[in-house]
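So, here come the structures, one by one.
Two complexes are shown next, each including chain A; its partner changes from chain B in the first to chain C in the second.
On to the complex of A and B.
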């Protein structure tokens, strides 16, 4: 469980980036963190991971204030996956890359193997365990980043723009793996994204930031019900929401929408 | 009225010579002028950090000289000279676009364009490299990397940050080389740009540079 209590933050230049934000993410939730560029999404997520510390207010992870902790202290509770996987690839095999975290934590080699195998399996990379990480496709590298975070068995995963720059198939693959992690293993997912279709299809809750203020915290169904002018927050309606409103069909996902309109599967989204 | 990159380069080279030619009090005066100029041109956090880092480095240099048996006066003068030379380059970088420096090097100093480009690329890589290193450090910290323990442990564990950075730099330079080739980089690259003409201010500055640089020749007649 991650909780922000009246958190304020500003970088060295002094401009406030996060203004008095309070929110709580319970275990097992799938949350989309949304907002325009510069709205404070990444800053808030960095505060959750102790990569930054608030100027005032508190961030609690499982009820413990993380003010005096480093990211390495939290790695077994919260996993953070960065946008660019190339900037963290260190080892010569996929297995060793994923094993880096557990080895840093001085786990026994048996435990390391168990955790790495489980993480690779969860992200569909078991067949590539001996591959050289830099030769993987971009989507595979992204999954490797998630596996590396998962290897420390965190309860929460924070994913920063994880689907950016991926084709539809890779995007869907990644989201399917994340959905499975959330539903089968109960891992909390906090997804920072600009992709409204993904937010609507996979997340159950949305937190919207605008210029450092929390402007919406509720279900994605409420966010995309067509009653709000999302463009004011720098967001757009997902295509499914627009089509649903246009054809008066209720459907949370593209598949449901296609089924209700008797369209061929995969015709939309 | 702006001083051209050529004049600035000449001045920096002259300052490098002055620190050895001029008496220590004059060198100290130059330092004060340089710092005032640098803070006038740019007084952001990065500039302050650069001055701070340079001060620490100078202090270490003086300490090392003392440890190896140099007299205090010589060590302090050595530190001061290094500080003045480096600050002159900081002023140059703060006041002039890297592109202009490269153009002046090719146009006025007849440096081969490949070398000028190498210099500008190296300077341009620094901010990118710093950003990447911060991101890599954060990414590895989130996987359990911690900069704790004794100096040897810390140095060894820092490989987790250095290795991805080196690989990234190699990949970037490869992409850069390819894109330059595709854009037709070659001997004409800097010659196609608008030539930098010297103005009155340039001549005045160059005159001062000449007068000060010939100080050992005319000082004995004073």
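On to the complex of A and C.
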């Protein structure tokens, strides 16, 4: 469980970036952290894992104030996957890359192997264990980033824009892996994203930030009801949500929406 | 007949020690078109792009059959620099293409390499920076510019040479949606103003829906669909694995057209679609 209590934050010499935010993410939740550029969502997520510390207020992980901790202390509780997988890759094989974290924790090689195998298996990378990481496709590198975080068996995974620059199939592939982690292993997922379709389809709860303020905290069904004006927060309703609301039908995909439509009498002459 | 800017004829290509990645590609990109090249990852889009500007085969070598013509000339035996006066290229990894300390030097770099006179370099640099919304920034250090501005600076340095064809490979892959929309809007403005040919590799067709006149959809190294945007979208819709990559509005349009055997508008904006749909359809479980 991660809890922010009246958290404020500003970078050196800068304007406040996070204003008095309080929120709580329970174990097993699937949360989308949304907001326009510069709204503070990446900053907030970094406060959740002690990569940054609040100016005032507190962040609690499993009820413990993390003000004197570092990311490494929290790595077995909160895993963080960065936007650009290339910047995270250090080792010469996929296995070694994923083993890096557990080895730093001085685990026995047997334990390392067990954890790495499980993480690779969970992200569909078992067959690539001996591959050179830089030869992987972009989507595979992204999954490698997640596997590396998973190898420390954290309760919570924070993922920053990990579907950017991927095609629909790769995106859905990645999200299916995350959904399985969430549902089968009960791992808490906090997904920072600009992709409203992904947030609507996979997250159950949304937290929206605007200029460092928390402006929405509720279910994604409520956020994407197609009626709410999201543009003031720098977000947009997914087009299917807008259309579904206009026609009072329910549909997650274009095909589902179309099934619910009927031609008006005499509409086509 | 429309003139052709880039023509691929029975083109095959394989990287050194690699499999053949392009199979019998026949593509015509018309002069003055705004063409989007789309398709899933690994479809051969970037390879196609590199072949358009002569990087393939000049730098990469590899195995090659068929022909690529750019503005009426074959790329065989041509250096990239022979073509770069007429065809500008912008890669996805824009940071790696920047080489100078200041914005002005960056734009001037290409011009000086092409042997333009100093006063011409200065005038073109000024104009190119203004064209991309960075007027008067000649003396800015590159690290004073944001990521989006640096990307526009790169566009300026490509534009300053006044190429007839502009090729961009996934130019927004590292940008958030707002930045992506802004860059494409700017690109479209430049396209209209200079009446150039623009070719953009982009898997998210949504960004280019308002602008694209033509489309080529690649799949597994082959051309799966091409033609006007409307034609290519309709062809790609028939391939189940390509369908999800089409803009949702067009998935709806093509679905309804097929189901009711009707013809709907060539929607480029959500408002167009909403208006027409509300005029012709009702929602509900009835009937």
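Some points to look at:
The working rule: the second predicted complex is superposed on the first by the 248 of 269 C-alpha atoms of A that agree within 3 Å, B and C clash if a C-alpha of one lies under 4 Å from a C-alpha of the other, contacts with A are read in each partner's own complex, and residues count from 1 in each chain.
Simple rule for what comes next: a residue touches a chain if its C-beta (ideal position, glycine included) is under 8 Å from a C-beta of that chain, and two chains touch if they have at least 3 such contacts.
Remember, it's a predicted structure, so these values are computed and weren't measured experimentally.
In the superposed model, A:206 lies in contact with neither chain B nor chain C. When the shared chain is aligned, chain C comes close enough to touch A:36, but chain B does not. Which of chain B and chain C touches more residues of chain A: that partner is C. After overlaying the two complexes on the shared chain, residue contacts for A:82 are found with chain B alone; chain C is out of touch. Residue contacts after overlaying the shared chain place A:105 against chain B, while chain C stays out of touching range.
In the superposition on chain A, A:119 contacts neither chain B nor chain C. After overlaying the two complexes on the shared chain, residue contacts for A:70 are found with chain B alone; chain C is out of touch.
When both complexes are aligned on chain A by C-alpha atoms, chain A residues 84 touch chain B in the first and chain C in the second. By the touch criterion given at the top, residues 45, 132, 135-136, 138-146, 160, 163-165, 167-168, 171 of chain B touch chain A in their complex. Across the interface of their complex, chain B is touched by residues 12, 46, 49, 51, 70-73, 75, 79-80, 82, 84, 86-90, 100-102, 104-105, 134, 148-149, 152 of chain A.
Interface residues of chain C, counted against chain A in their complex, comprise 40-42, 170, 173-174, 176-179, 203, 241, 244-245, 248-249, 251-252, 255-256, 259-260, 262, 270, 273-274, 277-287. In the complex of the two chains, the chain A residues touching chain C come out as 36-37, 84, 137-139, 161, 164-170, 172, 194-195, 234, 238-240, 242-243, 246-249, 254-255, 257-258, 260-264, 267-268.
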